[in-house]
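Two complexes, one shared chain (subunit A), two partners (subunit B, subunit C).
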Partner chain A sequence: MRPFLAACQLQLRLSARIPDDLMVLATVPLYTVMFLWMVKYAGRLDLLGYALLAPVLIALWAMALFVSGEIVERDRAAQVLESLLVTPTAFPLVVFARITTVTVCGLGAFLEVLVVSRLVFGVTLSIRHPGVFFLTLAATTLAMAGTALIMSAIFVLQRGARIFQNSLSYPFYVLGGVLVPTAYLPSWLRPITQVVFLSWASDLLRDSLLSRPVGAVPFRVGMILGLGVGSLVLGWLLLNRLVTRARGLGTVAMA
Partner chain B sequence: MKGISNTLRTLRYAALVGIQDFRAAYTWRTWLSGWLVRVLAQVVFFAFVGSLLRSHERTYYLLIGNTTMLASISALLVISWTTWERRAGTLSLLIAAPTSALPVLLGRSVQWVVDGALISSIAFYGVGLLFRLPMRWPNVLLVAPLLVVVAATTYMFGAFLAALVLQRIGVRNLAFNITYLAMMSICGVNVPVTFLPGWLQTLANLLPLTHGLNAIRALLSGSPVAAVVGSLGMEVGVGLGWLTLAILVFGVTLEKTRMDGSLEFAD
Partner chain C sequence: MVTDGAAELPAGQRKEEFAEPRVVCWEGPAIVAVAVDGVTRVFQSGRPRSDAHRVVALDQVTLRIEEGEVHGLLGPNGAGKTTLIRILSTVLLPTSGTASILGHDVVRETRLVRPLIGIVFGGERGLYQRLTARQNLRYWGALYNIPETESRRRADKLLERLGLADRADARVETFSRGMKQRLHLARGLMGDPRVLFLDEPTAGMDPIASRDFRTLVRELQAENRTILLATHDMIEAELLCDRVSLIDRGRLIAVERPKTLATWITRYERIVVGGAAPAVLERVHKIDGVRSITINGDGTARIDTGAAGATKAVLEYLIGAGVTTLSTSLPSLEEVYLEVIGRREPQT
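Up next, the complex of A and B:
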């Protein structure tokens, strides 16, 4: 547990000094205002919850993609990867702890949305099923961290993959039903959305805002957790492979 | 006359450097499967909001707004790409050279105007067909040239921001993201400018994209030619205004750093 906490502390200090790490949080108010204007202009105040949740999910995904995904690559560039790999602590554990820290910081977007919507529009997020909402948010955070672990490994293992880093934003906002539920997508796309944990998370979060009972909560939370844990395991294995390969070939600096 | 010829030659070489930078970042394969897919998904994301609102009219409005926005997003990359000259360590050499560094800084990201016009045109005609956007013939053919204008005017605005960011290159990505999201919010992309508070309408009218988008919407709705030309003229005027400011700010920055040698020590 100590290495985990130390890695969390390290990441907090690093992120506080790198403006780009917190850039995503600077964009949250703009997304919030833009989405709220869209639903207000359309006269669809029943969709306020959609407009308020979307910036949070976008922020969490963007943090995973652009901050967490960069962690190993940044360590390599700063030439501290070698030192990290010779420590007795499991490398994936350190990376996972740092990613979890970034993801939890990303939850600051939720507070931002609440403040901006209140101050600018005088509206607030009404959560009718707080238990379901916060349980889903916790499961989403874990799944996001697991997904980010895969990204951090792939961006180092496959240098060519980094060019696609920026490309993993909007396609996943569509497939994850971040603003528009996946039920509105063409039927041929829907099977793909089922393996994107964001689609389960966004649907369940939206349902938890409504007064009607939320159905199949254990199954839906289970799907988010299942996909999240699956990502975590895959990311862990990929990072281990990266370490083994780099150690074996003596190419850590060029990993 | 020789001065103009030299400036044009420098601009040409700067543009060639920009193209080489672009080719180093993207191949055709990665541009198509990475960048293009991402920007098309952005348009689709917003077009589906129209489906959520159960309104064809809103879908078309969002579709036109967000395809045009793509031209601006690409062009705004001038903010971060101009700083490459400093990050590569070549800016000091340019400042020391007898030729002005201004044409280099203004011309080295021009590839993003081409990219912006191209991706927004592909998105307009491609995603437009997908969502059955009514395409008034032959007006629809003029959308692509108008997208070139929007990309160019936004580039001029972006060059002004690049001049400001040149001494604070750590905030280049932040400046790019905040600017494009702000423009997306207030320039009539997702909601009409008239829906916004008065002070934001004033600001929106001073920014590129707003009038260009008006021209495109007017063109597609079959408005009189005068309305299209009027908006287009406003767009070009706004762009040239920002270009003038960009030249002034670049000039002041370059002169200051030439005098005190401070650029390499800036943030």
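Up next, the complex of A and C:
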């Protein structure tokens, strides 16, 4: 636990000094205004929840994905990676802790959305099932970090992290039903959405805003956690495997 | 005969002398801290089956380092020193052969090896520049699972020991190169390693810091730590090491006591003389142990020796001949390599 907490603390300190990690938060008010304008001028205030949750989920994923690549890239460029691999702490644990830290910081996007929607449009997000909402948000954050761990495994071998970061964001938003529920996607895409934790998360978060009862909460939260933990395990194994491969190829230190 | 320009030296016989690794036994404790058996490392780039991009960084290296020994790894750039250290520190896998740290295989038992070792890579980087020295050390301490209180105590002690206590809370990016090197060393010691790998640790240090570093290495040895020191600096190796391995193009050439290095250095001493008549230089060239005389562009002559006592004989003759503009100097490590190992073929 101590290495995990130390890695979290390290990431907090680095993020405070390298604002790049938190730059995504600067885009949240813009997304909020854009989505709110769409629903407001379309006369669909019933979709307010969609417009307000989308920027939060986009920010969480963008930050998780961004930092998962940057951790490996920066540590390699700073020639810290080799020293890190020599310590008794498992490398995936350090990476996971740092991604989790940044993703938790990304929850600040939720506060931004509340402030912007209130100040700019005079609307307030009402959460009818706060227990379900915050439980889902916590599970989503964990799943985000777990999934992003898979991405950092790729970055151990692949140095052009930004290419992956950019190309992986938007398909994930679509398959995750971030703005448009996956039920509206073409039928052939829907099976794929079932294995994307974000599709479960966005549906459940939106349901928790409505006054009607939320059904199958344990199962749906379980799906988010299950897919998230599954990704975490896969990412962990993959990262270990690829670090071993990099040791074999002699590419650990290559910046 | 006096030659002009860059004279070639007849040094072939030294190469043959070290054709096979010569191993001098270290009469220390019986525990083997570092064991290397037939380790080869090949780097391959491009097509897997193409020999064009195949570089043999280590070639059948076998070495034993006893616990508590300070062992030098000497060699020119690209000799394979860092590759060997990377393999021993579990960062790199050998292509063939085995290596172990205190009995634990560096490939199969990395979990057991890593708590035992500390590594200090050369260069300015390798630290979180935007964090303070103390924050860096405490982070690395946590990665070694050192309890919080002990980590704090150890970090403070190391900062004090390495003369960084007054800058403990300054960001590393504000440090000089020498200070960063010292912090590297502190980081390498945070895990309280039994085996410490130092890769060019004094690069960038000023003479005072280098002297303090040598004192620290002796203190670490007194604590029965094993140290593998990769360095270019023969004098440093001579002052610190119990034994020295000479490595070139991935091959272990010799394992010697530092005293032998001193012999190598003085054997290849050189004299620069000004205002000596050609006849005097002709006579000097006939003195036993004088290998060559080179006329420099400024009119001075450089006399290279290659045998013990040759320098003394040359100096006595020159002074007797009335030559008073004289200076002597020791060859660099690379120059000794050229003599001992032979001139390297150009890399293709």
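Keep in mind that, in the parts below, the second predicted complex is superposed on the first by the 243 of 255 C-alpha atoms of A that agree within 3 Å, B and C clash if a C-alpha of one lies under 4 Å from a C-alpha of the other, contacts with A are read in each partner's own complex, and residues count from 1 in each chain.
Basically, a contact is a pair of C-beta atoms (placed from the backbone, for glycine too) under 8 Å apart; a residue touches a chain by one contact, two chains touch by 3 or more.
Values in this document were obtained by computation on a predicted structure and should not be read as measured data.
Once chain A of one complex is fitted onto chain A of the other, the partner contacts of A:79 are limited to subunit C, with no touch recorded for subunit B.
By the touch criterion defined above, A:240 lies against neither subunit B nor subunit C after alignment on the C-alpha atoms of chain A. Of the two partner chains placed by superposition, only subunit B is touched by A:41; subunit C is not. With both structures placed on the common chain, the touch criterion links A:31 to subunit B but leaves subunit C unconnected. When the two structures are aligned on the shared chain, A:14 is found in touch with subunit C, with no touch to subunit B. Of the two partner chains placed around the shared chain by superposition, subunit C is the only one that A:89 touches, whereas subunit B remains out of contact.
Comparing which residues of subunit A touch subunit B with which touch subunit C, the overlap is empty.
Every residue of subunit A that touches subunit C in the complex is listed here, in rising order: 2-3, 5-7, 9-10, 13-14, 17-18, 78-80, 82-89, 94, 244, 247-248, 250, 252-253. The residues of subunit A lying in touch with subunit B in their complex are 19-20, 23, 26-27, 30-31, 33-34, 37-39, 41-42, 44, 47, 50, 160, 163-164, 166-171, 173-174, 179-181, 184-185. For subunit B in complex with subunit A, the touching residues are 25-26, 30, 33-35, 37-39, 41-42, 44-45, 48-49, 51-53, 55, 58, 170-171, 173-174, 177-178, 181-182, 184-185, 190-192, 195-196.
On subunit C, the positions that touch subunit A within their shared complex are 41, 43, 86, 89-93, 111, 114-115, 117, 119, 121, 123, 125-131, 135, 138-140, 142-145, 147-148, 187, 191.
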